[in-house]
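Notes for the one structure printed next.
Which chain is which? They are A, B, C and D, in the order written, and residues in each are numbered from 1.
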Amino acid sequence: MSEFELPVRPAVLTQALTRRFGELVAVDRLDLEIASGIIFGLLGPNGAGKSTTVKMLTTLLPPSSGRATVAGHDVVREPAAVRRQIGYVPQLISADGALSGYENLLLSAKLYDVPRKEQAARIDDALQFMGLTDAARAMVRTYSGGMVRRLEVAQALLHRPAVLFLDEPTIGLDPMARHAVWERLRESRTRYAMTVLITTHDMDEAEQLCDRLAIMNGGRLAATGTVAELKQRVGPSATLDDVFAHFAVGVITEGGSYRDVVNTRNTAERLG
Amino acid sequence: MTAPEGSPSPALEVEHLSVAFGATRVLDDLSFRVAAGTSLAIIGPSGAGKTVLFRALIGVVPSTGTIRFAAGTRIGYVPQKLDLQRDLPLTGLDFLNARADVSGVPSTDVTRVLNLVALDSRFAAQPLGTLSGGQFQRLLVAFALMGHPTLLLFDEPTAGIDEPGKEGIYALFSRLQAEEGLTVLIISHELSLVYRYADTVLCLSRWRTFLGPPLDILTPEHLQEAYGAPVRYHHHESRDTD
Amino acid sequence: MRQCATTITNRVTPTDLLLLVAMAAAAGLIGSVTVMRRMALASDAVSHVALPGVAIAILLHVNPVLGGLAALFLGSLLIWALEHKTRLPTEAVIGVVFSAALAIGSMLASGEELFAALFGGAHAAGRIELLFGLAASAVVIAYVMRARSRLVIALVSPELASASGIDVSQTNLVFLLMFALTVGLGLRFLGVLLMGSLIIIPAVTATFLAHNLRTLQTASVALAITSTLAGALLAPRLHVEQGPLIIVVAASLFVVALVTRSVTRSARSGNIPGGGRELR
Amino acid sequence: MTSSTLGTPPSGWVNRHVLGFGRHSLAVAQMEIAKIGREPTELLTRAIQPALWLIVFGQVFTRTRAIPTGTMRYLDYLAPGVLAQSVLFSAIFYGLAVIWERDLGVVHKLLVSPASRSSLVFGKAISAGLRALAQAVIILALAAVLGVRLRTDVMSLMGVALVVVLGGALFSTFSFVIACLVKTRERFMGVGQVLTMPLFFASNAIYPLSMMPPWLRTISALNPLTYLVNALRALMIEGGEGTAGLGTDLLVLLAVFLVLVGIAANLYEGIVR
């Protein structure tokens, strides 16, 4: 594996990344650098610009200005290369309920050009790793919320992405299911030596899962650091809640469009 | 807030309530009472029948057992799921005025409820789709408050709303309770907020049901039993997370 | 072999115009509610049910509009019952109902009668027809104005509607009947197929322009009347059929609205914030 | 664990673009087809509609000879029209599935994969075409029972199958384009419903062009359904022929289909914004 040099470049790098929707600046000159191999949490209230950032990084949405590279590839100039290097679990449900877990995985394997010889082995491996072997032939619509999420993570990992993006991965899950998803994520990170970027507005998730955090607020970066660093910056006995409150001051306390709420609720309902 | 047990004037009494869909028993012999002017939080894992309980209370789902409301009870209901179409050309005011018209309430009531929930009439004049999560929740509460209800049923009021927004919604309940003397039933997953704002907690699960003040119910043992997994939540007052 | 000679009248009489405007106003109003109510499919199925009624009326030498109306009311009752009382997949049932209606209807009428029933035709309205048309339009308009609040709440959430004391099932039935009456109004001028279009297209166009109930209804009515008047007045000059031209105008307005919206959106590099779409 | 395939695109231009297009289309189509097999009842309920047309309409008009179809029996004339109608109806609401997938989030997943947009659209179109074919089998069987003079040689049957798939693919892609433009289920239902019946009646599916008023004749000449009916008539029926020649019909259908795929591939991305 000598031809395969370990990248020293950051997994994600953005420079003055900006996205406007009409008058609204959803993401405002964002400078972000995410080192390879860590679980990075993008924390912030609804409407802080987290999902917009992820959509730009996953090539779903062109930036209005600024640039971003993911795994060394520019999201605007080399979208195809970026897509090969990333896995994405959107906030909404992306597994197809009318197909079985196995078929969902097979579709991903084929779309990502996983070599035919390796497909079966990788799918079996993924099913086992995610604890879905017994449910592999069942229709996904019969899965519980936690199972759906684990399947989606498995789909996103089949092609061994360099960077995995997860948008609010545990929204609508009950505590037991959340813990299972977190555990799988932590393990897969080590196993595949990849970088994970998650967005969340949940303190627990940020604290338990992430190595580093960036707090976004009104489209801008309010603070970055490890959980401990951030707490220290606020005060000696600060909780992450306090950190959040400190850096997200002055946010419109009621961010998030109606659509967000409906989406979240629909997601919660389908998962739940 | 008065203690719920043995309170002289219950706003709602439920005795031996059962709901079954075919062979599946969703609620089994559930009994509880809610004192007037207090708040009851209903928690529990998915599928424990929380929403079904509400639907049974408003009579959309057939049930057995007794449901007794205090005389003159008017129910305001905010459902969990509102699968609205995108781009619906309806404003918050259209929606509230429609309720005023249907319920025979004078249209001045619209101003009253908007003031109560502290929603600026500028926002109320926008299409429903452009309201923020918190604003839309306030609008739904306003809708439920039209015509002076005495009992408010709230299904997952803060799903998908961020932390500051959640605080705002719960603070609103506290205020409504104090100002309007409302009795409030809330279904929620937000244990830390339940801890701060509810007078009584009803914990539903497939195995057991617990009822009591938050301090007694929201213990790690009870929660583990109900959810089948360790559950943590932040106490805001006491700084110990766990 | 019978060549279908379509008669194109040279002028549109003032009475016809009056009737057309009343019909268009009713169509625009009922359409504005239809597009919000996710009932486009059910309602459109209702309109096709008119065909066998028209055909039977022609066979029996009765006024075809009366036959059409009778079939429309029966059809709406049937669809309402199917939607509320059975657990059958509604779309499948509706599909069957309307194709059966079309097949039977097309079979009974023949030649130019078939084309007239499907696509309508220009003709001078008699006095009774005029009175009936104006009265029915008035009924539809009054109904939408009065029942608007109930309809609005029921469309946002049937559950909230029930909790607010609205009989959702009854509201749906009356709405379907009013829809049927509106289709009946346009049978002569536009025929079964095109009247459905006059109800739906201006209303869908209006959803691109409107942000509240009042503008939606105003725009929908205005678009329906504009299309109808333009179609009726231009048809003799362009020597084409009036009914199809009305729908062509309505469809053109739709395309213009669609294109305008896309252009303004891309010019602003994205969507209108909170335009109902997921942004962040 | 081999890391050798990490993010490496398949080597070679042809392999990456041409074969990649094929592989990805096939993968999408395969999954869609798996879904069809699971809902046989849907295929059957959808077959009721054309069956009604064939039995009620066809039988009566064949007896009364009210529609001038020259030397052809009316039932023979109608059968390809009804087949084309069922192809149209089964495909035209395909866009609803696209909107549904967007509302769920499935589209997001497809769009971040390395598969090209056109291969995704093409795969879905082909699967819709095959769905139409499954229905065509039912209708052909029914037509045979009713005594329609079908051609039964292998070449003709294959030709019919090909044309049915092409027609289903064409109208489903048309529906796809509409879905990307109107974006909401409610508007789609409105527009889709308003289009279907006029497309059907403004074609030569149930009566010959010669019978139509002139304005309707113009519209039907612009209507792809007319070409689908023509092609089917020529391929399916003993002694049947279209009005413009089989080659023209096929060319028109193929050209319209490819143009629509191009448009849909360009619009697809916008649906998640």
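Simple rule for what comes next: a residue touches a chain if its C-beta (ideal position, glycine included) is under 8 Å from a C-beta of that chain, and two chains touch if they have at least 3 such contacts.
Remember, predicted model here, so these are calculated numbers, not experimental data.
Note down the smallest number of touching-chain steps it takes to go from chain B to chain C.
1
Strictly by the touch rule at the top, which chains does chain A share as contacts with chain C?
Common neighbours, chain A/chain C: B, D.
Which chain maximises the distance between its CA centroid and that of chain D?
B
Just curious, how far off is chain D from chain B if you go by their C-alpha centres, in Å?
So the centroids are 49 Å from each other.
If you average the CA atoms of chain A and of chain D, how far apart do the two points sit, in angstrom?
Each chain reduced to its C-alpha mean, chain A and chain D end up 38 Å apart.
In angstrom, rounded to a whole number, how far apart do the mean CA points of chain A and chain B lie?
About 31 Å separates the centre of chain A from that of chain B.
Can you give the whole-Å distance between the Cα centres of chain C and chain D?
Taking the average C-alpha coordinate of chain C and of chain D, the gap between them is 27 Å.
Note the residues in chain D that touch 2 or more other chains, in rising order.
Counting only residues that touch two or more other chains, chain D contributes 183, 185-186, 273.
Out of chain A, which residues touch more than one other chain, so two or more?
46-47, 256-260, 263, 266
If a residue has to touch 2 or more other chains to count, which residues of chain C qualify?
In chain C, residues 36, 38, 207, 270-271, 273-274, 276-277 touch at least two other chains, as defined above.
Can you tell me which positions in chain B touch chain C when the two form their complex?
Residue list for chain B touching chain C: 58, 60, 75, 77, 79, 82, 84-91, 93-95, 97-103, 125-132, 143.
Residue numbers of chain C touching chain B in their complex, please.
Spelled out, the residues of chain C in touch with chain B are 36, 38, 148-150, 152-153, 156-157, 159-160, 162-166, 206-207, 210-216, 273-277.
Flag every residue of chain D that touches chain A in the complex, lowest number first.
Interface residues on the chain D side: 1-10, 20, 23-24, 26-28, 31, 34-35, 38, 103-106, 108-115, 269, 272-273.
Which of the residues in chain A come into contact with chain D in the complex?
Residue list for chain A touching chain D: 1, 4, 55, 58-61, 71, 80-81, 83-86, 88, 90-99, 103, 106-108, 110-115, 118, 152, 155, 159-162, 192, 266, 270.
Hey, which residues of chain C end up touching chain D in the complex?
Residue positions touching the partner: 1-4, 6, 34-36, 38, 40-41, 44, 48, 89, 92, 95-96, 99-100, 102-104, 106-107, 110-111, 115, 118-119, 193-194, 196-197, 200-201, 203-204, 207, 240-241, 244, 254, 258, 262, 270-271, 277.
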